[in-house]
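First chain A sits with chain B, and in the next complex the same chain sits with chain C.
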Partner chain A sequence: MSQIEQELFQRLSDAVVDMDEDEAVAAANEVVERGIDAYRAIELGLSAGMERAGQLFDEEEYFIPELLMCSDAMYAGMDVLKPHLRSDGVSEKHKVVIGVVEGDTHDIGKNLVKIMLETSGFDVTDLGRDIPPARFVETAKEIGANIIALSTLMTTTMEGMGAVVRQLSEEGIRDRFKVIVGGGPISQGFADRIGADGYAVNAADAIRLARSLVAPAEAAA
Partner chain B sequence: MVTIHFLPDDKRATVPKGSTILEAARTAGVTIDSPCNGAVVCGKCAVTLASEDLERVVEKGAHQLPAGERARGQVLACAAEVYGNITVVVDDAPSLRSFKIASHGEAAVVDLAPHIVKEYLSDLGVTRVLGGGALLTEEEGDTAGESYGVVVDIGTTTLVVALVDLVSGTQLATASALNPQSRHAQDVLSRIKMGSEGRGLAELRRGVIGEINALIDQVAGASGVSRSRIYEVIFSGNTCMLHLAAGVDPAPLGRYPYTSALTCAAWLPAQATGIDIAHGGLVYLPPIISGYIGADITAGLQAVRLHENKETVLFVDIGTNGEMALCRDGKIWATSTAAGPAFEGMNIRFGMRAGEGAIERCSVHPDGSLEIRTIAGTEAVGICGSGLMDIVAELVAHGVVGKNGKFVKPDSAGIPEKLAERLVERDGKPAFLLTDKVWLTQKDVRQVQLAKGAIRAGVEFLLHEASVPVAELQQVLIAGSFGYHLTAESLTTIGLLPAETSGRIGFVGNTAKSGGEAFLLNAVSREEMRDLVEQVQVVELANCKDFDKVFVEALSF
Partner chain C sequence: MRRDQMTPLERLAAYGAGAPIDRLPCVPIVGNTAARVIGVKVGDFRGNGALIAEAQVAAYRLFGYDIIRIFTDLYTHAEAMGAKVSYPEDETAFLAAPAIADLSQIDRLRPADPYRDGNLPQHLEAMRRAVDQVGDEVAVTGAVTCPFTNASFLVGADKLARLMMRSPETVHHLCEISLQTNIAYAGAIIDAGCTPSLTDAMSSMSVISPRQFREFSFPYLKRLIDYIHGRDRKVTLHICGKTSGIWDAMVEAGADCLSIDNDADLGEAREAVGDRVRLMGNVHPSEVMLQGTPETVRRATLACLAQAKDTPRGFIVASGCSLPTETPFANIHAMLDTVRDAGWPVRC
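Coming up: the complex of A and B.
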């Protein structure tokens, strides 16, 4: 990596961490002007910045507003870089189906995870909220998802997560998808009980979890 | 099978291997405080094992007890699966009566015109008891001077009972206790989940009705009133509590669109509910507004006569669910918002109920020294909801917590030294020392932000729906016994209410009770409220555009 590249990637990453949209746009424009590969700028600049932001969230330095402002800066930089992505150089993204389970309409947590997944390079299909188990399964089959991500804030609706896992098993396709769960009343114990592949305590954790779950597949490929 | 021996109750349970300690305790009839109903979330159900027994349990899930407590043999009863015979020591749960519960509530004066009327028929020598004109029972002799009613405020956490003389219109006695249901399931949703199963519903119902009967006994005894002269009981409380007390499956409340399955503005025979009063006595369920805006709010609207107020008024009941109503020109908008259990001390490192040793007040002197007041004046052992609000507000006001909710660095400019030296690390994370043994964590501040942000977002949407600029809001009435312990300054400093409302905030106390008394004393007010709730515009926050955005903005201090 040339020094110029390295400096620009660092600027992009810092702009995201500093929640500075203008700087993210300026650095992204410079990437384009210098003809630097947009894909690498996103990976090593913007996404790396979001990863640092997630780390700060974990360390309780940042909270939800900061995380969202970081993602605003990230998206601002992305908008500049996206038109310059060479389609051939882009590897296939991992796909995630996300939604709030049936009976629940609280979706702030889900939206946050969605943003974090997108900014970390996942291709996210958001079904929204109050989603019956069958729709998660159908959509996952349809788009060939790697991960099904389920969210709920309500103790009264968390059993819907178990229903998704059961339906996958009944259709004999359980091993085709990783199921991850999160939300206020959810715990690792609950995730284990329903046979989910993982539980994330917050949005930053969800990214780590999603990455670790798709990593072995990558190694095998 | 394994056998678990519970101390100090000296009870045993034999259960399948892999059962949790909590499951075994329930089998044995041992009560372990488990506010989150075994969801491994609240971390409040710690029990102690002998060190040699520790290896016979496996704690599933991410367990929350700090390493030090584990080393002392403490495990979470809901997370610890048992694989051998063990002995478990359960800490004494504080008595249900030892908590600080406010029962005072403001109320507009109503004319004395109760639903219950007694008339002595001298020719027959009997006294007839009429409810809304219908004959309930007959008594020998002239008993017309002895006519009593009861209001029960069935709070999610607390129960308050008031005995009222229906002849003179005066309140004779009140008594309060923790709602025994909160030991099995702290919050409304856990309660709905448990109540959605037949056995759970029966247990929750039995618990609350039993405690209400005990409280009625207490107030009747204190006033020298016979239970057989109590003819009507008003159940005031949120929609879920009314379901559970009436024995109606609350499941629909737990799923979108969160509808009520209960017929309200209606009477039940007291006998059918298990409430032990006069033969033929009645239980009245007041009108409700929606699944999450219940009879407690209807009673509150009655207590403050919100709809008759000439000013633009916001009425807020602060609790796990923030319920609120806004009135302008006689028109009412209402909503409810999920604040979460932080105000109840849940999910707070040293959070506790308002019992002995709870920090309930905190202020910072100009020199930076801290003044802390605990309930009963004993050594601080934890923080209750009002203390939590006070502490966070003071730290925000003195720059120890920034607008973004983050603890500043101890060496930041402008922080008095005495405050700076309390900024320390505990378990590797920033914390603020209140005493040597009690501290506030960064995560605690985040929980307060989420709770107050939810209520503030609700306020913003009500103002928006009613097209009321905050400058035109003339009064804010804070209802509820929790709200009664708060200060106006804390509320505006942390931004639970807009700063502009400073100086216009009033505290009306437990209006669920006082409004219930108005229902008891004046039958017409019930009709009036039944008609009023039909006209209330319910604002469903889940369907509001930009709720996310407004909520996130409301997180800042």
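Coming up: the complex of A and C.
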């Protein structure tokens, strides 16, 4: 990596952590002017910044308002860089359907996971909150999703996650999708019990999980 | 099984005065579970104060806990200010759309009139009826959704969070009109012979920082509590989720009793603020009360007693938050029976 690249990636990353939209746009414009690879600028600059923001959240330095502002700076930089992504350099994006299960309207955590997935290069369809099982399945089929990501914060609505897995099995399409679950009352044990493919405790781990689940498919292709 | 010797009002008065009591006060926070007690659907509570009162009084009589709380969901104030609330047939209501879709409409927002707007009149009706029926033996409270949380229902939680950084004065404006609604409603609750019971989910450290709490939530909470104190009522304040970093501020705002969520540590709370406020908490509403057995409930209740029974300013055994609607009756009975068995002075 050249010195100038390194400096620009650092500026992008800092702009995200500092919640500075203008600086994110300025640094992204400079990336474009200098003909630096937009994909690497997103990955090593903006994404890296969002990951640092996530760590600050875990350390209780940042809270929800800060994270949302960081994500705004990240999207501002992305908007500049996106048109310059060289399509040949980037492999087909993996698709995720995400939503909060039926009966639950807590969506702050789901929104964070969605933001982090997008930063990490996933193509995310967000169904929103209070979503019946059938809609997850329909949408996943429709867009040819790789991953179905389910969120809930309430014990009373956890079973909706099991219902999604069951419906996939009943339709004989269980192996076409990876199902990942998360939210306050969810645990690895619960994920295993309903037959989900993975669980993550926070947004940063959710990204690692999603990446690892789509990685084998890539190796086989 | 030991039987109660005192009415809840006698017990709380004696406890407050340092006089002997038969057992510690105990409050499994029963909300829509009351519908199950009289066999109606949660959705039937909508706009029906008489039915809410009937259910809450029946639940109190069945379990014998120490405070009746008239509560169906968090959105009653926001609804009265224009938010859209969705009422499933047999589940707790939820926010379908905030009061305004766009900040350009902010001037439309007005404080609610508790005697006219939304379902507030019906909730007041429920309070009056409950007081009529059992007010001579048990305290009846009415739930108030505090300014910062209500503000999030006026514009949406994500939008409010961004405004905190981009336009603090807008957040203050939203909290101010929410406070006006709160004060009017709290006044009406007191006129109905009840006590306001404050709840503030979004002020949690699970969402905002202690510094942000100080800036955006504290000033309004303090003014609300000052008003209620001015009308000679004590104040219980519940904030969901993590709260250890704001206990001091909650005390400073004037709360007389902090209701501690299961995500916070009761023993730590006793150490930190137990010499200044009464505490209540914090049996896990879902993992223990909903999903556990009477034996799990007994153990969890004893654990709370061990942590906080000797809180200098007093302790009320309670659930960490409102109970889920389908909480088994046997578990609610188990919580009270454990407290009855522990007696006074508490043996555990």
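Note that the second predicted complex is superposed on the first by the 206 of 221 C-alpha atoms of A that agree within 3 Å, B and C clash if a C-alpha of one lies under 4 Å from a C-alpha of the other, contacts with A are read in each partner's own complex, and residues count from 1 in each chain.
The definition used in the following text is that a residue touches a chain if its C-beta (ideal position, glycine included) is under 8 Å from a C-beta of that chain, and two chains touch if they have at least 3 such contacts.
Keep in mind the model is a prediction, meaning the values are calculated, not measured.
Novice: Label the relationship between chain B and chain C on chain A in the superposed model as either fit or clash.
Specialist: Superposition result for chain B and chain C: clash.
Novice: Quick check on the superposed pair: does A:Glu60 touch chain B, chain C, both, or neither? Answer first, second, both or neither.
Specialist: Both partners, chain B and chain C.
Novice: Touch test for A:Val201: chain B only (first), chain C only (second), both, or neither?
Specialist: The first partner, chain B, only.
Novice: Considering only the touch criterion stated at the top, classify A:Met19 as touching first (chain B), second (chain C), both, or neither.
Specialist: Only chain C; A:Met19 stays clear of chain B.
Novice: When both complexes are superposed, which of chain B and chain C contacts more residues belonging to chain A?
Specialist: When the residues of chain A touched by each partner are counted, B comes out ahead.
Novice: Contacts for A:Pro185 in the overlay, against chain B (first) and chain C (second): which applies, first, second, both or neither?
Specialist: both
Novice: Please indicate which partner A:Thr156 is in contact with in the superposed arrangement: first for chain B, second for chain C, both, or neither.
Specialist: So A:Thr156 meets both chain B and chain C here.
Novice: After the superposition on A, what does A:Ile108 contact: first (chain B), second (chain C), both or neither?
Specialist: both
Novice: Does the superposition put A:Asp175 against chain B (first), chain C (second), both, or neither?
Specialist: neither
Novice: Which of the stretches 63-71, 117-125 or 315-323 of chain B runs into chain C once the two complexes are superposed on chain A?
Specialist: The overlap with chain C comes from chain B residues 315-323.
Novice: Hey, what residues of chain A end up touching chain B and chain C alike?
Specialist: 60, 63-66, 68, 103, 105, 107-108, 111, 130, 154-156, 185.
Novice: Under the definition above, what is the set of chain A residues touching chain C in their complex?
Specialist: Touching chain C from chain A are residues 19, 60, 62-66, 68-69, 72, 103, 105, 107-108, 111, 130, 154-156, 185.
Novice: Mind pulling up the chain A residues that touch chain B in the complex?
Specialist: 60-61, 63-66, 68, 102-108, 111, 129-130, 153-157, 184-185, 187-190, 192, 199, 201
Novice: Please name which positions on chain C make contact with chain A in the complex.
Specialist: Chain C residues touching chain A: 88, 91, 94-95, 157-158, 161-162, 164-166, 205, 207-209, 212, 245, 286-287, 290-291, 324-326.
Novice: Sort out for me which residues of chain B touch chain A in the complex.
Specialist: 36-37, 39-41, 60-62, 79, 187, 189-190, 192-193, 196, 251, 253-256, 338, 340, 404-406, 429-430, 442-443, 446, 449, 542-543, 547-548, 551-553, 555-556
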